[in-house]
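Which chain is which? They are A, B, C and D, in the order written, and residues in each are numbered from 1.
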Amino acid sequence: MKKLINTPESFVKESLEGMAAAHPDMIKIHLDPNFVYRADAPVQGKVAIISGGGSGHEPMHVGFVGMGMLDAACPGEVFTSPTPDQMLEAAKVVQGGAGVLYIVKNYSGDVMNFEMAADLARTEGIQVANILIDDDVAVKDSLYTQGRRGVGTTVLAEKICGAAAERGYDLKKVADLCRRVNINGRSMGMALTSCIVPAKGTPTFDLAEDEMEIGIGIHGEPGRERMKLKPADEITEMLALSIIEDPAYTRIVREWDDEKGEWVDVELVDPPFQPGDKVLAFVNSMGGTPVAELYVVYRKLAEICEKKGLQIVRSLVGAYITSLEMQGCSITLLKMDDEMLELWDAPVKTPGLRWGV
Amino acid sequence: MVTRDQIVAWLKTVAQVLEENKDYLTQLDAAIGDADHGINMDRGFKKVMSQLPGVEDKDIGSILKTTGMALISSVGGAGGPLYGTLFMRAGMAVDGKYELTDEDLAALLQAAVDGVVQRGRAQLGDKTMVDALTPATEAFKQAIGEGADTIEALRRAVDAAEQGMKDTIPMLAKKGRASYLGERSIGHQDPGATSSYLILKALLDVISQPQ
Amino acid sequence: MKKLINTPESFVKESLEGMAAAHPDMIKIHLDPNFVYRADAPVQGKVAIISGGGSGHEPMHVGFVGMGMLDAACPGEVFTSPTPDQMLEAAKVVQGGAGVLYIVKNYSGDVMNFEMAADLARTEGIQVANILIDDDVAVKDSLYTQGRRGVGTTVLAEKICGAAAERGYDLKKVADLCRRVNINGRSMGMALTSCIVPAKGTPTFDLAEDEMEIGIGIHGEPGRERMKLKPADEITEMLALSIIEDPAYTRIVREWDDEKGEWVDVELVDPPFQPGDKVLAFVNSMGGTPVAELYVVYRKLAEICEKKGLQIVRSLVGAYITSLEMQGCSITLLKMDDEMLELWDAPVKTPGLRWGV
Amino acid sequence: MVTRDQIVAWLKTVAQVLEENKDYLTQLDAAIGDADHGINMDRGFKKVMSQLPGVEDKDIGSILKTTGMALISSVGGAGGPLYGTLFMRAGMAVDGKYELTDEDLAALLQAAVDGVVQRGRAQLGDKTMVDALTPATEAFKQAIGEGADTIEALRRAVDAAEQGMKDTIPMLAKKGRASYLGERSIGHQDPGATSSYLILKALLDVISQPQ
């Protein structure tokens, strides 16, 4: 295993310490339980946006803490959901009296831990909404399984909701917006190589020199299909068409009902893309793929979008939601409306994403 | 009768068994998950071991609830809330007791498995730990209903858990990470069902030992 | 070879096309000869900053074109210096009447091609200064060899000089500043894995599973020493101490003398670091190393700087000057003065580096 | 006498030889450089081949200058300016000629090597193409001074280039990428010296063929 780490056990903690040392103007860290939070937290009167998940996807989430994006991020062990005590403690530190939005990727671990955290936070008098991100079209529709994974759209939701909170949206409005971003976003990824979980020390899966994995998850979970390596254009086409031609997707998610005071099942439907839609096109590196290759993918993606009548109004190209050092990429398309567009363009100042300030 | 000392011995054995099976469980998770189940469970029970000295003179309920809390705050992933809830509910079911009758044990198992199902909303056949825990609980209850002694009832429970664990192999996963695989989850044994079997087996091993 | 490309021959061009498609607000591209230039070029009355070099180091240089940084970048084939016709054509397109600064990394190919380009540009009536970047302490001092390679300091020089040009510095002042940035910057890198040049298709060098290469160049050139893999802290210490304890470094570079109208040899000396110095600390990924590992390195680097009395006033952590998909990192320390600090903080809007706007 | 047709045949042979030796030269460059010399030279001479039809009815000087310009604008790296300058200067030395005497050839070689030295400022022993080119030029001049015919003189030049190329193996590189390696450059043959040898060898092969 070749990594710039000291020990698998100390990796997450030391990486957080380095991040805090590098960006004292943006973030602070709390250890045991671990979380990263805005240097100027709590921001009074602002909805606090908190996310979290297993480590190994950096810059997501810890690198997205700062003005205009997250108030706090809770990193778990590598690829392992963080624990409720982290999320609770983070909420207590960053909440500014206007409630907390937990942005949760749809993995059973994340969902359960964030639900426990929300229950605990409410007993402390903090208003909490949990919104799920489940945008990975590689997972086939189903009402009776765990459903789709949360991947690329998470980054976009964190940016857009962060901007909304900064502008003074209340918790219900930010939560509604987050849900809207999620149902308008779709992603799919692929891997050229496996990643190596530090504590394990060997590749999660084996791919032959001439093979790739289509529909890979961000934890090295096997994907939809293993196949022979193909040129970038064909790979891009596979991913893009899976996204663009994905039909309406229906699932039931568990959300907290403030009036009823209990968790309720909510049915959500993703509307499929339509010619004429304005989209944000996001080409993401799985960690080990350099940006020059991402642009080769973007080139073809832009061509396909044009052919399909989708108008790309914004782009994001780089390593934002990674899977350790895995080589590969993912594509996310997010249908944008004017409000989302304006919030996307709003200033953001985090270690991992920055503009306008 | 299961004594408090046996419960404490059980938890220690579990910690040891999970350490020994860390790579095995992780390997199972690599096939259909994200290659961390063994690592997570081992980390969790190390935390339990560090907290056990502080509570091992308390009642069984307290010991099990502390175990659950330690797991919740250290395991993370799906295993953390599920096993955390399992031990919390198990503890709540036998609050204040220093030894457990067969009926207590049945209640403990039932509460534990109910907690897991409530938390994770998995059904029998979804290819999760529930597929080991539910048959085990049923087998235990049936055995004591038929007049079996504790060890014999537990042996049947463990056999049922083992069978349930093996039965996950041909199943199509419907919950947890493995569900993302769809058809490709078929042919692999569920890591959570495997750890559940190991945990129950550890209880049987401890109880079977001459005190 | 596992890469997201179509063919080795089309890689550079398609990557450029994708970049242009993704960032129409910042850049445009010219093909045959290839260069990337500012969308709003030429900026009248502003010194034009042009850099270039082999491809495979993205985002450098093409990703640093835009407001506040480069006016144009000339990409060669992978790891091969671009040709004089690219540099000449770029100069003609972006020059705004105030002259052109060529920022050149010290590789014999780059140096010779940029010298030829400068000669050609001058025959077209364009005032040109060539400033070399040669900051890689892995190469041992010597007056009689090619001297040190240009690595991490290049990124910093491009940012700082870009800001200066934006503020209206004249060519001489920008060139002087560039020279000053160069002599105050020092770098060293290491590799955990080799990269694969697309046209070659196999790794440039072989490293065993337990080996690493210290002092690697950004083209997979073998480094100072091959050794057993070590923990991140020890690696960081090796790199940081090589930089911090590097003595004064003297070399002779060829610069154009406008008064004499000829190339002259100029002796330049890098002053060693001193306790009390303010520095910018730059931890860079070679391409395949994810940012979480870079922070582990940064953590130790910050500790060492503190111990050595160097005050880190700014940081940069990420993949900015890469070597295709190579795993590994480099460290650059740049001694900052107030002017450089102010220019560093000035707004920049490029695909690869952005803030303040 | 070397005719224009022979010069054209030479350039075509060079293109072919460099294509055949693309991997070999690249491999040599991988050891002490950046693994592109063969790729670069092959790309350059492909460009030369694409431009040759437009000038092959011109004088030798024009043909060689066009070759130089094509290399400058397509090779890049160190090879581009160096080989570009080599052919430009060679062409300038025989401007307007349609055939070359031995003296012309000597002047051509001298101008070519002088151009390379001026551009790259490498000295003999720096482990560069100069270590093949300079001894070859010297040998050629000496041979014609001694009365050898063109083919014999060129044979001695090529032998000297080959020896010069091999002599780069134990050298410590002082110029180009290999110089970054210091001591570690020792023991490897310089790729540029190798391509220079191959280019001269191609000239000999063409000249030796019955016209």
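In the analysis below, a contact is a pair of C-beta atoms (placed from the backbone, for glycine too) under 8 Å apart; a residue touches a chain by one contact, two chains touch by 3 or more.
As the structure is a prediction and not an experimental result, all values here were calculated from the model.
Q: Starting from the defined contact criterion, work out which chains touch chain A and chain C both, please.
A: Common contact partners of chain A and chain C, which must touch each of the two, are absent.
Q: Starting from the Cα centroid of chain A, hunt down the chain whose centroid lies farthest away.
A: When every chain centre is compared against chain A, the largest gap points to D.
Q: Taking the mean of the CA coordinates per chain, how far is chain B from chain C in Å?
A: Averaging C-alpha atoms per chain gives centres 56 Å apart.
Q: Return the distance between the CA-based centres of chain C and chain D, expressed in whole Å.
A: Between these chains, centre-to-centre, one finds 31 Å.
Q: Find the geometric centre of each of chain B and chain D from their Cα atoms only, then give the gap between the two centres in Å, rounded to an integer.
A: 76
Q: Which residues of chain B are in contact with two or more other chains?
A: If we look for residues of chain B contacting two or more partner chains, we find none.
Q: Considering chain A alone, which of its residues make contact with at least two other chains?
A: Touching at least two other chains: none.
Q: For the protein chains shown, what form does their contact graph take: line, ring, star, complete or other?
A: Chain contacts: open path, no cycle.
Q: Which part of chain A faces chain B closely enough to touch in the complex?
A: Touching chain B: residues 33, 54, 76-85, 107-109, 112-113, 115-116, 136, 138-140, 144-146, 149, 197, 199-200, 204-205, 217, 219-222, 224 of chain A.
Q: Quick check: in the complex, which residue numbers of chain D touch chain C?
A: The contact residues of chain D facing chain C are 26, 30-36, 39-40, 43, 72-82, 119-120, 173-177, 179-182, 184.
Q: Which positions of chain C touch chain A when the two form their complex?
A: Against chain A, the touching part of chain C is residues 2-7, 11, 14-19, 21-23, 55-56, 58-59, 63, 192-193, 209, 212, 229, 231-233, 235, 281, 283, 287-300, 302, 315, 317, 319, 322, 324-325, 327-329, 349, 351-352, 354-357.
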